[in-house]
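Labels run A, B, C, D, E, F, G, H, I and J following the written order; every chain starts at residue 1.
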Amino acid sequence: MEFLVRTENLLPVDTPAATRDELKAGERARAVELREAGILKRLWRVPGRNATVGLYEAEDPAALHDALASLPMFPWMDVTVEALATHPQER
Amino acid sequence: MEFLVRTENLLPVDTPAATRDELKAGERARAVELREAGILKRLWRVPGRNATVGLYEAEDPAALHDALASLPMFPWMDVTVEALATHPQER
Amino acid sequence: MEFLVRTENLLPVDTPAATRDELKAGERARAVELREAGILKRLWRVPGRNATVGLYEAEDPAALHDALASLPMFPWMDVTVEALATHPQER
Amino acid sequence: MEFLVRTENLLPVDTPAATRDELKAGERARAVELREAGILKRLWRVPGRNATVGLYEAEDPAALHDALASLPMFPWMDVTVEALATHPQER
Amino acid sequence: MEFLVRTENLLPVDTPAATRDELKAGERARAVELREAGILKRLWRVPGRNATVGLYEAEDPAALHDALASLPMFPWMDVTVEALATHPQER
Amino acid sequence: MEFLVRTENLLPVDTPAATRDELKAGERARAVELREAGILKRLWRVPGRNATVGLYEAEDPAALHDALASLPMFPWMDVTVEALATHPQER
Amino acid sequence: MEFLVRTENLLPVDTPAATRDELKAGERARAVELREAGILKRLWRVPGRNATVGLYEAEDPAALHDALASLPMFPWMDVTVEALATHPQER
Amino acid sequence: MEFLVRTENLLPVDTPAATRDELKAGERARAVELREAGILKRLWRVPGRNATVGLYEAEDPAALHDALASLPMFPWMDVTVEALATHPQER
Amino acid sequence: MEFLVRTENLLPVDTPAATRDELKAGERARAVELREAGILKRLWRVPGRNATVGLYEAEDPAALHDALASLPMFPWMDVTVEALATHPQER
Amino acid sequence: MEFLVRTENLLPVDTPAATRDELKAGERARAVELREAGILKRLWRVPGRNATVGLYEAEDPAALHDALASLPMFPWMDVTVEALATHPQER
């Protein structure tokens, strides 16, 4: 099933650049893995914000949670999840 | 997977009693069927309101939608759905 | 550019079935055209509601508006549009 | 009577791992006790968040408060409680 | 247990005066009964509105719902209920 | 006149226990004085929160403010006040 | 004591002009009386809306309610009241 | 001074086409006049909605209100106004 | 033109008393000047909060901003401004 | 295409004056560049706040994001973006 996932990244502004870079690199690497696993299907940036909208596919909400929690930035992210139903037009 | 479902019944106050009774009877009968099918697991009333909180189980959001839309009162109900993840304590 | 579009269908409950069916058929036909034109890329149902989340692509907000306004149900739809930015991971 | 209880865990990200682990272990142990006492009946995770939805049973709101306040994480939790009425279908 | 109950009276402005007067009289009579039964303990008006704040006592939320639903104006009232816990200072 | 007063206590979690205990003791002592002065008439706890709902009586909003500001916890409390009108049923 | 009072006038657009004019004239006449009685001290229009912000003085919320309810437009007005405290700078 | 003005057009869907066309023509004609008077400086459509964002210039809020109220669609428009201050960069 | 101005004072609780007293004295002195200049016309306290509602008069929003920004507490204040239109009854 | 952009500047009050001045100077310099590039078309201050409303033009949301993120104050700014459609009156 598919989920619409919004994230706001709340990493403090005064985080050392090295820590920030390391987190960003890890985030990008893990995202690539989630894409290859078919879990992360699309990702957009909310313009003007350190925030994203993503389209995810997972077996159920618990599997989605595990995928999101595997992202290195997860402890600093405010995440909201919306479960979407297949539309009859796409069945 | 399990869903928390809130409903507000917006049937107009001036609906004829006969129509209302028929809808209520149909609603109750369909709810019994959903319980027997294991889809409707618990139902509570929000005190003071013509509103409910329900715990549903369905294969996915589309199956849940079909179950909710099968209720005779559905056209007058404002429904919000929240997909819940199994908690590690209950795995 | 891509847009996330939410719609709530507010067609009155007491709309005659014939009118409703005609509108639905027209809506579906127009949606097919928008898909074929590459404007409507994905469509989901919000479970429990007569509502959708859609992913659209259009040259600019005015072109998107024209596409949405071409849907037969548009006069009864409450629509909100969010412009999304390409994420660096997908550039 | 039954209550729907939402919690958001606001423990700071920079809490030392040892403190965090100790709190989590204590939380889990206390939750087991509340389950055995028939107070905590179901617990779900809100996907994507360090948050839960729980179904509790207690004699009254004061007894529920005491149960929630006995959780080691309570000082860091933002909790909202909703008292539910038995639905006529379940009487 | 005690509940804080808010009501907004949504009776249409164009309700005939006779109907309105009859409803008001019935409302007042039923309120007197609820006071005598110890269920309605205090009632205030929200200044500027056709709205009230009330302090009720009932065995549980279902009993409170039945009391509120027994008011003749109930079908036109938007009601919200908050369950209150005894404060340690008043135990 | 009577006021409905809501408080949320925002005292930081890491406040030393001695400071916290002293504040709590002072709070309770001052509350007793406000009760004896007929200003604090009832106090409830919002279940699950470090929050209260109170029924106060004071000559006017300025007198109420002075009473609330005399509580030792006041600097850490988020307070909202609602002025209530006597209901015709209670005149 | 002084109150800040907001009103939104919800008189239906299709109200006959004669009814509307009569209500407006009565509203203005009653407002003059409330000014002369020292109850209505200032009145502003919210630009772009059929809405006002007013500064009222009344003995208590019940007296304010009676003054507001004496306005001919009252049945169509959505009113919110905020009780203000004298500021120490103006004592 | 400049104002940001948002409008939502709430003209009922079932308004006869002739009435609607007449109102639209009048609206457009009056908007041209407001542009020529230097009051309406820019106008945008909110994509997906029968709504606009406009940049207006008027001597004060009362003059802006009169300009907005002169639009034929005004009785059906929900309007919100925000007064903007000149930014130091543009002084 | 007149403005309704709300302020919430967010000065941290742990600000040294000397700093706080100095700020308060400066605030009061500057407020007196703004009153004498005819800019600050009325000031109320929001009961239970470190917050005010004020009635200001200034040539335009930029002049109002400068007046507000001249208050020593301004860097800690959360301020919202509403431009009011003269009401026809007061013209 | 044009965007309405709101910013709230959350730079901490206790930021050293030198840092603040340097950021402000950089912000102003970068804003001049964005104006010269035709990206920043208008800028207003929200009266009473360290906040702005801006009218921007950019090829798409990603280009707008890059422009906003190039401002030295960006890490401390809370930004919301609204994509506007050309209004038929201005085509």
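Everything below uses one rule, namely that contacts are C-beta pairs under 8 Å (C-beta built on N, C-alpha and C of every residue); 3 or more make two chains touch, one makes a residue touch a chain.
Here is each chain with its UniProt name: A, B, C, D, E, F, G, H, I, J = Muconolactone Delta-isomerase.
This one's a predicted model, so the numbers in the text were calculated from it and none came from an experiment.
Asker: Using just the Cα atoms, superpose subunit B onto subunit J and tell me the rotation angle to the nearest 5°.
Answerer: The best-fit rotation has an angle of 180 degrees.
Asker: With chain centres taken as the means of their Cα atoms, state the distance from subunit B to subunit I in Å.
Answerer: Their C-alpha centroids are separated by 50 Å.
Asker: Let me have the rounded angstrom distance from the C-alpha centre of subunit F over to the C-alpha centre of subunit H, please.
Answerer: Once rounded, the distance between the two centres reads 46 Å.
Asker: Please compute the C-alpha centroid of subunit C, do the same for subunit E, then give the distance between them in whole Å.
Answerer: Distance between chain centres: 43 Å.
Asker: When you check subunit I against every other chain, which residues touch at least two of them?
Answerer: In subunit I, residues 3, 45-47, 61-62, 64-65, 81, 83-86 touch at least two other chains, as defined above.
Asker: Viewed as a graph of touching chains, is the assembly arranged as a line, ring, star, complete set, or other?
Answerer: Here the contact pattern is something else, fitting no line, ring, star or complete shape.
Asker: Return all touching chain pairs.
Answerer: Applying the touch rule to all chain pairs gives A-B, A-C, A-D, A-J, B-C, B-D, B-E, C-H, C-J, D-E, D-F, E-F, E-G, F-G, F-I, G-H, G-I, H-I, H-J, I-J.
Asker: Touching subunit H in the complex: which residues of subunit J?
Answerer: Residue positions touching the partner: 2, 4, 28, 31-32, 42-47, 52-53, 55, 82-90.
Asker: Which positions of subunit J touch subunit I when the two form their complex?
Answerer: Touching subunit I: residues 13, 45-49 of subunit J.
Asker: Going by the contact rule set out above, which residues of subunit C touch subunit H in the complex?
Answerer: Residue list for subunit C touching subunit H: 3, 5, 61-62, 64-65, 68, 75-76, 78-81.
Asker: Under the stated contact criterion, what part of subunit E meets subunit D in this complex?
Answerer: Within the complex, subunit E touches subunit D at residues 1, 3, 60-62, 64-65, 81, 83-86.
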